[in-house]
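When the chains are written out, they are named A, B and C in that same order, and each has its own residue count from 1.
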Amino acid sequence: MTTLQETDLDLSSASISPLRNYTGKVLTVLSGVFVAIIVIPLAIVLWDVAKEGVHRLNWQTLTQTRFPPPGLSEGGFGHAIVGTLMVLATAATLSFPFGVLAAVYLSEFGRGSKLAYFVKFSCNVLTGVPAIICGLFAYAVAVQGRGFSAFSGGVALAVLMLPIVIRSTEEALLLVPQDLRLASIGIGSTRFQTTMRIVLPTAAPGIVTGLILALARSAGEAAPLLFTAFNNNFWSTNLFGPVATLPVMTYFFAIIPYRPQQELAWAGALVLLAIVLIASLISRFVVYKTKL
Amino acid sequence: MTATTTDTTTDVVIEKQMNASRFLDIGFVRATLGLAVLAGIVLFLVIEETVKAAWPAIQQYGLAFLWTTRWNPVEDIYGVLPQIYGTFMTTLVALIFAIPLGIGTAIFLTEDFAPRWVRTPIAFAIELIVAIPSVVLGLWGIFVLVPAVRPVFRWLNETMQWFPLFGGPPPRGPSILLVGLILSIMICPIIISITRSTFESLPRNLRDGALALGATRWETILTVMIPAGLSGIVSSIMLAMGRALGETMVSAMLVGNANRINISLMQPGSTITALIASQFGEAGRLQVSALMYAGVVLMVVALLINILAELIIRKFQNV
Amino acid sequence: MTVTQQKLANVFDVKDLNVYYGSALAVKNVTMAIPERQITAFIGPSGCGKSTVLRCFNRTNDLIPGARVEGKLTYHGKDLYAPNVDPVSVRRRIGMVFQKPNPFPKTIYDNVAYGPRVLGMKVNLDEVVETCLKKAALWDEVKDKLRDSGQSLSGGQQQRLCIARALAVKPDVILMDEPCSALDPISTRRIEELMKELKRDYTIVIVTHNMQQASRVSDMTAFFSVELQGSHRVGELMEYDRTEVIFNSPVKEATRDYVEGRFG
């Protein structure tokens, strides 16, 4: 038996060659720096938007229903909030039932089939289609010959949301234990009853979270709305006419040289940011709850 | 209630009956099937409609559209080479910064460097970056970032005048480089999340094996984890690239919308998305078609990248 | 009907049953008759197909893609796999209790009421819930907390809740797929006592990996064995007889080896 040297038993980090140790430490510090580089801009953006946004975020801004004419400062973006809601409601109406039921097929009836594979592949690729292309599509099918409209904006956002709705719903459905389906079917309920009474209710928190997130994300999208919902300086609840929306307003007012409009842009940005922040927090909370 | 089971055997009915419940069941399954098929077709509808709208311009300008540099709505002469250059360069800049940042952060978040109470808020912060509307980042860029980077850009421009990518007249701020920088922060979360889940899906014993051989933590990461997770990392980079190519508002607000090729990254340029966003609102008929054509070019590139990324993921992760 | 008067009439008649998963044969040559209001136990080593055969009885195998059945399986004289048979109706008549207790994430009350509700049975739900929980020997433990979640119960209680839930749709057969394998000995004993109670009204078929359990509770026992065909395992019904015969004087060598613990 070989005798152990004192140095063989040195298990402190000094026993690893200095170079290996040194490189490891440098890389560790470096990865920490990388995290900081990503997270610090986020903090700055949040701070700046909050700071600049609160200037004009008052009751008048939220309730006045016309944009100020260039250079003047009266008015607000109440009608843009309504417009955003109209576009989102249209998008939700088109994509939620569609997406959830398609996901039910993928998870409940077509699991593992070639068709399900194809649909999922196609949806994943659709997720990668730039948002502005969804706008071009909606322009081609719903604007050309008819004019800008809140409805066409909803179509654009629906295309954007559909694959997200399908994917998040399917993920929520896959978390439902197979035992529960078997139990329900074993009693003699139909697939429809099993889906409606057991599977969907069990997955509901996850599904709803996914829907909220999809909606919140698309609430901030300006690109697909630029040439669909377009813009409107005035109050309008006509689903088939142009409406103002918060993201498009923020874009237009950010690039014109008048201070009051720029302030409105910041206030609009703050509202948009608040929407996505709240939605993200809700979803975090729900996910945390269901994991317990 | 007495046991009724004895008399139930007298009416054993197990044959199919066309009652409401069975009808509903079959109808429901067929309806979901139909919607699933439709969901699979949406992608093709998007492609078909966009190409159809672009068709007049495709016929008129052909492939020359891709390598000519004039965009003149007055004379209806269109070419998108400057936009293709701008799109390519902004994406390249974004990837150069985002790849190390993203992979480094993913390692930080998976490899137990920090305790859970540090990692959880960081993971949440990264989720938030994805959630910030790009128009908000554009706004912030215009009013905060442009004035902040102007002196830095000017200094770089002066001291590195000999370097083509940094040369040109004194920069004002809006530029390909600026857009690339913001895009890099925006696409980092994509790289982080997919790389992270790739690392987490690697078999635990792979890592333990290397550690047990006496490799340090970083040696394990560099020699075992990263090679084993390469397919996931590559596809995450490709998805991030697709996102950077298609990002619109940041480009439209900060690239400067110059319809010419400036080799220098410090100078204003244009991207395909910025072109569409800034011109579509008041475009004439052929111009709309030309913009659709530009959109088709973007879409084809984005589709190829995404299909490839998707195939890589499926091949290696057996999703 | 005459079926109900005769003691020991057969509920199931199985003849030359083969089950395939895709192209692979899983179980072959099953021929047996399951008598009414008796407990029939399926025993055998793992992979012998006893659960597979059980699942054929209420067509839950249909849910596995590629599963296919050959041969004849009748239920009260009716072919279970005839094209005009509705599997959903079959499962209403033939209840099932699974290996792992699987109560719905609903209240205890709603778990039991689930079946009558989805089937649109015109019954007094309170009454049905009480009767079924009593039959499942659970009533005394839960009568004050019917609004609690079914998943808050202990494992043994959950399994009895699942039995109550199966009883609520008034089946005449209850299939049990290793119902005690996830339970402690005391809960197991309670379920076994419960089975003996239930066989007054119901036909019970139970799959168990526990030979003592089979000998304790069952009237009839079927022994399945497994053989290697090429690279995959094929189950086969070796011997089927009254329980005391199987355990005391089996005809086949393989059965004797197994019940005496000489197997594997």
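One rule holds in what follows: contacts are C-beta pairs under 8 Å (C-beta built on N, C-alpha and C of every residue); 3 or more make two chains touch, one makes a residue touch a chain.
Treat the numbers as computed from the prediction; the structure is a model and nothing was measured.
Chain nearest the geometric middle of the protein is A, using mean C-alpha positions. Taking A-B and B-C together, the pair of chains sharing more C-beta contacts is A-B. Using mean Cα coordinates as chain centres, the one most removed from chain A is C. Between chain A and chain C, the centres computed from C-alpha atoms are 47 Å apart. Centre-to-centre separation between chain A and chain B, using Cα means, comes to 14 Å. For this pair, chain B with chain C, the centres built from the Cα atoms lie 52 Å apart. Multi-chain contact residues of chain B (touching two or more other chains) are listed as 21-22, 25. Touching two or more other chains at once are residues 88-90, 93 of chain C. Within chain A, the positions touching two or more other chains are listed as 190, 193. Chain A contributes residues 112, 177, 179-180, 182-190, 193, 197-198, 201-202 to its touches with chain C in the complex.
Only residues 58, 60, 63, 65, 88-93, 95-96, 98, 100, 102-105, 114-115, 118-119, 162, 165-166, 168-169 of chain C touch chain A when the two sit together in their complex.
Interface residues of chain C facing chain B in the complex, by the touch rule stated above, are 1, 3-4, 75-76, 78, 80, 82, 84-86, 88-90, 93, 120, 127-128, 131, 170-172, 200-202. Within the complex, the chain A residues that touch chain B are 16, 20-21, 23-24, 27-28, 30-32, 34-35, 37-39, 41-42, 44-45, 48-49, 52, 98-99, 101-102, 104-106, 108-110, 115-116, 118-119, 121-134, 136-137, 139-141, 144, 159, 162-163, 166, 190-193, 195, 216-217, 219-223, 226-227, 230, 247, 250-251, 254-255, 262, 265-266, 269, 272-273, 276-277, 279-280, 284. If you check the complex, the residues on chain B that touch chain C are 1, 3-10, 12-17, 21-22, 25.
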